[in-house]
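One structure coming up, written as structure tokens, with questions to follow.
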Amino acid sequence: MMINLSNYALGHIVLALEMSHLANFFAVLILLSMGTLLFLVKNYALPKSFYALSALLSTSLFLIVYAADYLLFFIGWEVMSITTYFLLSFSVSQKTLHKYIIFAMSSALALFIAILMIYSTQQSFLYSDARESFELMGEFQGVFFLVLILFAIFVKLGVIGFHYWLVDAYEEAHDIFTAFLSAVLSKMGVYALIILVVKVTQPMLALAIIGVMTSIIATFKAIQEDSVKRVLAYSSIAQLGYIVTVLGVADGMSGALYHSLIHTAVKLLLFINIAGVIYMTGRDKFSQLGGLIYKMPQSFVLLLIGIIVLAGMPPLGGFSSKFLIYSALLDTKYLLLLSGVMFSSASAFLYIYKLIYGVYLGHPSHKKLESAKEVSLSFLLPQYLLAFILITLGTFPALIVPYINEILLESSLTTLSFTHAGELISAFAQFNGLIVMSAFGTIFVLVVIFFVSTRSKAKEAKNRFDIAYCGEEPDESTHLHYGYSMGKELARVGILRAIIKNSSSHFYEYLGKQTLSFAELFRKIYSGKLSVNFNIAILFLLLLLWGSLR
Amino acid sequence: MEEGFLLEQKTLEGDLNSETSHQSSVDFLMNWFRKRSIFVLAYGTGCGAIEMPPTFTSRYDAERLGIRGAATPRQADVIIVSGYCSYKTLRRIIRTYEQMSNPKYVLALGSCTVNGGMYWDSYNTIKKLEDYLPVDMYVNGCMPRPESILEGFIELQKEIGAGKASSWQKYEENHEFYRKNQEAVLGEKVEPSYEADWYLYEGGL
Amino acid sequence: MFEFFNSPEVINIIVIIGSMLLFFVGLFGLLTQKHIIKIFMSIAIMETAVYLFFIGSLFKLDAIAPIMKVADDTSKFNDPIPHAMILTAIVIAMAVFALGVSFAIEYYKLSGKTNIDTMNEMRH
Amino acid sequence: MILLELLLMLLVAYGVGFLYYGLYRNITARFQRRFGPPLWQSFFDSIKFFLKEESTSHGWMFYLGPIIMMSGAITTLFFIPFFKETTNFSGLSSYGNLFVVLYLLVLGPLGNALGVGTGGNPFGAMGVTRGLSRLFALELPFYIAVIAIMSLSGSADISEIAAHQSTMYALAYPLLFIGALFSFIGMMGQSPFDVVGAPVEVYSGPASEFSGKFLALLMSQSAIYTFAKLVLMVNLFLGGAQGFLELLLKTFVLFLFVISFGSLYGRFKTPQSIDFLLKVPTTIAVIGLILATWS
Amino acid sequence: MSSVLFVALPLLFGFSTPILGYFGKNAVAYVSTLMQLFLLYLGFDLLLNEGFSIELISIAPPLGISFVVTKVSLLFVLLFTSVMTLFSLYYLSYRSEKPYRDESKFFILINMLLAASIGLVLSSDIFNIYVFFEIAGISAYILSAYEKSSSALEAGIKYLITGAVASIFLIFAIVLIYIYIGSLNLGIIAQHFELLPFQIKLLISILLLIGFGFKVEIFPLNFWVSDVYQGSSTLVNALFSAIVVKAYLFVFFHLLYLFLPHGEFSLFLIYLGAFSMLAAEVAGLRQSHLKRLFAYSSLGQVALVFTAFALQNTQAIQAALFIVLAHSVAKMGIFFALALIEKEHESMESETLKSLNSPFLRVILLISMLSLLGIPLFAGFVGKLLVLKSLALEGMLPIIMMIILASLIEAVYYFKLAGYMFTSDKRRDVLKVTWAHKTILAFLSLLLLIIGMAPFLLSEYLFEASKLMLGGVS
């Protein structure tokens, strides 16, 4: 369905909206996030403007998704960036906010240049003309166009090197909004990548390589962090790295879409969970949390489901999308890239374990955690919903394949074959989620029955200090929570040290400093002595005269 | 005709297997497994600890009898109190002993554990281990050679096989007696009595 | 002996060269002088140079004043427009300089400064 | 029928696993000029622990940890076919593929890690951290080799990969095999990559808080896991097997190699092992991959 | 009804002030405002009745004042009149708390400014343009130095010096034109200009560029602007950026289109404009004084308009007109709001925004800044989009990138201010804004939103206007 808006536009610009299956897919992601996050809202005393801005943000997101031309897309993109700025401003420090807006504006403006380049070749902003316009561009222009577009998208996705703003913003944003940032706003980057790059150009190996690098580096960065939200932020970057990778190869769209859905759901789940923890304890660092499992058992189980999905473990939904990604890479013979992705995926276990250990397991690192109680139903309900989705997608991995196929058909890509909901069939292999799930479940139940019925009886430890501790008797002053320093020793490995210790922030800080001193030069000229200014003017004009006469 | 090492092994195992008793078959099987597999806590409490490494390594190879080391008290069946036992060590020994799972056994080495030995008038050493922990097997000597320790183990295994080694039950039954003695030496707080009651587990399986 | 000066071309050239010299004298003053009043003077010199240039380059020796009653032959008239323009311009320039000087005086009263380069109240 | 087959698979794995463990202990003893314990000593140990009067638990997640690990081990086993070119003893492998197995291999340890974390013993968490830190470096060469194999066989199905080998991949692509073998040594918990459960340093690491039947369950799953990994390795690199005898032979050879290697080397520290694994085996595997797929 | 009224009425009012002053200060203020409202009515009347005309007030045939009212000049007249009316209305409420010194003179000056600006736009005689150029200049100098503080006087002096130099170059150009063409009427000059030798054309063009360059604040000639904005009183700055510059810009490009219809120097001017924009925004990056900051932002916006005009095609001119409107409205909003803040906080450092406790003013400042930035939904975006679109059609990628880079830098410092306004916790007491001020400020912001959301309301008229402007009706 296409709506032509040219009656309301300026000049000769044709604007249009279109309800494609792809757009609907991303709209569902937006709705899912908004629906689940709305449960949480009543726990926080949010100002009215927060709701107003959120409404505006959602509008802009739908505009992005349903736009059928670059101009409306850009308008949505820019409004989204600005609205995000003000939503961030409720809790984020000035420095982070400033970082965010510089990156967001750079992204938006780079996008602007790019769409103007598209426009200049065929005088049309419409998606339908984009491919042709791109082919009409010269080689240099084409490359430049791609660089701009990719810059814009990478900033939004937080691809390593462009993530300078992202982690701080995620950490400091309001808990609800962090979830939204990770679940939805980053998906807009994915959508943009599909619309602006994948549909316009041939598959790009460079994109895939960048994606793999991103996921690997972000994973190691995540391992080093102490703040829960920062770990999740880096994890978002890494997960989006997979999507970028798979979009860089042929026929990767199915994996990208599937992973977008899974990532949205799982990040919502994780961020809501962590929001609950922060709401209850007021702490958001691994070194300040710990041992909450018996205080918040439901939250623990939900987080457990979340991290199993995040790790991409088989019985749950995370594996389904990873499977499609791996198959796509294997199918296109990008074997080293595939090993990179699997490497990053394996490295992720460390921070994933840290995530659950640091918060829920081990020992409480402070007496204050005693007052923690299970979070209210408003936190739990959305998590149960999301967990249900994720478990369902693990058990019936092919449940959404028909919908994905419609999107693939629309983009004239090869579709996935479909037999029944339990069996996910990629180009390379297939697996039956139903069998995996039921096999594991049955075995688990049998082992439990066997174990409970053995002669030996499990007796509960007297208290949490009753641990084998070399004959010593630990007490409250003993540091028993290990979550803080988990993974720190990786910095001692030469190869990994390069990843962990280096940071793009040095580069950006240097760039900022140089820009400012350059600005200082101009400021000095503008605030200089009048006679000097006259001299400069005369010089400039003489130069000009000489130039014109030549 | 076998000789040397193999003969020795056979003799030892023969000793182990020769024991017959009047237990029910379930108990017999259970005790048989218990005696064939003994995990010894790797904890050198006194000077006799020096004799343990040769016992467990290639020279004397206790593993051929199913005796091997365990790192943590949770996994151990036997704790060896190797010689004199200062008050400081005693606290840790008791702590460790209480963390071991039933059934658990105590093997005491040397004369110091019997009556204080050469430390009979020390201000800082217990004299009679029996007052503080129930001991299953004493191995005499100062210090006992690894052969003696192995022999002690075999005797312990026999006891276990016969279902007679039950010091852990004794400890539970006479807990007050032991606790009194322990407190007399170590002061009021022997077992850590944590005031942190704000973190007690609720329920559990 | 200076007859040739009477030819209009020569006079025009002299006037043009002279006024240009004057213009650059003024420009030089504008760029090098620091005293406010001197700067105003330099600007005035530049302005005068332009007026001179205008009048001088359209000046005809044998023409008469453009007054209808004196003669009917308008082709002999000097062009009146430059004069009118220049008069207007002089009046305006006059006003501007008066204003400028009054500003300078007020400023001097307030801050005691006459040097344009030390006028840096606003250096942000 | 399938249930019977699965039960048989489980019994075979359980038995052979403990047998191999016994052999391992004996062979190691011989390396150390010792006599070594009886062949079934590990089995006795595990039964003894099952028969302990009591075992300490630290809440329900601690209780579930070893259970998840056991379930993971059994599930993994069921998704690995024992033989190639036949559906006998193929378990559930037709419903899964190599990717499923690769992840199932990690599922159990991660589940157990939760139990360890709940136990509250910092040494346990330390051990888990060491394991997870080492894990990614360990898996990388293996992944590279496996990916190359999948690409060469054109399939992610294990029995198809096994059937696809006219000459076994270990001989056809030795570099890949060597790379994977390093990982395999680590996956089997052998020196030099056995820093995870170092008994003295970190109080036997993840296992430090497990007593009695928990430990027994862990020992049993370890036997099953070991056999499952060996079968997987045989299927992937050694051309699979067509009968029990071939399977036992191949697995035993592989096992013998691994334990011999393990007895000869000392222990790497965590950073050392990561460093080594990321440098040597990975490079070997990458070269192997490039050589194998270059065309 | 004559278009001369637009010039005559304010001037007449100016000279009758001594008489009005007899009735008291309020009389002057209210009569002035009423007069401006009347002018506004006249303007809209002309607009609705399509009363476009050429009017000659002849002294003798070559001599005379001719006023041309076309769609485009009427647009500017309306803009100036409405800006001035809003200014007066705003000031009526403002003066009760902090009136200007010697108010009746102030009203003379602003009316002179209005008259001169309208005269600049309407007149089609180059010498008249010079005269109005000077009148506007003189009133602007005095307005800038009006507060008689040392910084105000410094601003006035600098403004005056540069203005005087500019006028020399302008009159030089006029002199040359007269010497070579012999006429002052724009139409006649336009017909003959093409026939001039190239060197003369170049010389005249450069002299005009320098003369107007000072006034349209183009790169090497705009160093005085920041000082003048900072020294002048905040309210008056609204006039400077909404009226004075716009009038000069219009005249400059009007002359350019007449004299050089084929765009001989177009490319050069485009580069000059884009570079000016970049330079101004870069200079603004390190600025902490609010008035000075917005002076740089004005420089940037004006340079953008300059670039758009220099493109010399109808679409670009339409875009330029959009920016002119959006910029005037936004800058009015900003300076009106800043005036209130300055009155309350007695400081114009950007840090004062941290303690600003008035959500209303914050939102007004924000909307105006977003519009200046060219964020979608606000008026500024339409103009910027159209400019960039026409640049894209010409294939001028480097220019687009310069403009985008400048916008980025602009965004950096605007959002620094926004950050001050929206993240700080230490606020002062509530700043009370009277309803009159609120109405005017809300009206301005609403206007930005309406233009931004529904540009098609204006686009038709502006397109016609730009065609006329390019066609060069004189």
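Going by the order they are written in, the chains are A, B, C, D and E; count residues from 1 in each one.
Following the convention adopted for this analysis, a contact is a pair of C-beta atoms (placed from the backbone, for glycine too) under 8 Å apart; a residue touches a chain by one contact, two chains touch by 3 or more.
Since this is a predicted model, take the numbers as computed values, not measurements.
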Among all the other chains, which ones are in touch with both chain B and chain C?
A
Chain closest to the assembly centre - both centres taken as Cα means
A
Farthest chain from chain E, going by the mean of C-alpha atoms per chain?
B
Comparing A-D with C-E, the one with more C-beta contacts is A-D
Report the chain whose mean Cα position is at the greatest distance from that of chain D.
C
If you average the Cα atoms of chain C and of chain D to get two centres, how far apart are those centres in Å?
100
Starting from the mean Cα coordinates of chain D and chain E, work out the distance between those two points in Å.
78
Between chain A and chain B, tell me the centre distance in angstrom, where each centre is the average of that chain's C-alpha atoms.
57
Per the C-alpha centroid definition, the whole-Å distance linking chain A and chain C comes out as 70
Which residues belonging to chain C are in contact with no fewer than two other chains?
30, 116, 119, 122, 124
Listed in rising order, chain B residues that touch 2 or more other chains are 72, 74, 99, 201, 204-205
Residues in chain A with touches to at least two other chains are numbered 291, 294, 458, 460-461, 464, 466, 468, 470, 527, 530, 534
The chain pairs that touch are A-B, A-C, A-D, A-E, B-D, C-E
Provide the residue numbers of chain A that touch chain D in the complex, in ascending order.
291, 293-294, 300, 304, 311-315, 319, 322-323, 326-327, 330, 333, 335-336, 338-339, 342-343, 346-347, 349-350, 353, 356-357, 360-363, 428-432, 435-436, 439-440, 443-444, 447-448, 451, 454-461, 464, 466-470, 479-483, 486-487, 489-490, 492-496
Note: in the complex, chain C contacts chain E through residues 30, 36, 39-40, 43, 46-47, 50, 53-54, 57-58, 81-82, 84-85, 88-89, 92-93, 95-97, 99-100, 103-104, 106-107, 110-111, 116, 119, 121-122, 124
Report the residues of chain A in contact with chain C in the complex, numbered from low to high.
527, 529-531, 534-535, 538
Over in the complex, which chain B residues touch chain A? Could you list them?
43, 72-74, 91-93, 95-96, 99, 192, 194, 196, 198-202, 204-205
Please name which positions on chain B make contact with chain D in the complex.
5, 9, 30, 33-34, 36-37, 39, 42, 57-58, 61, 63-66, 68-72, 74-75, 77, 99-103, 201, 204-205
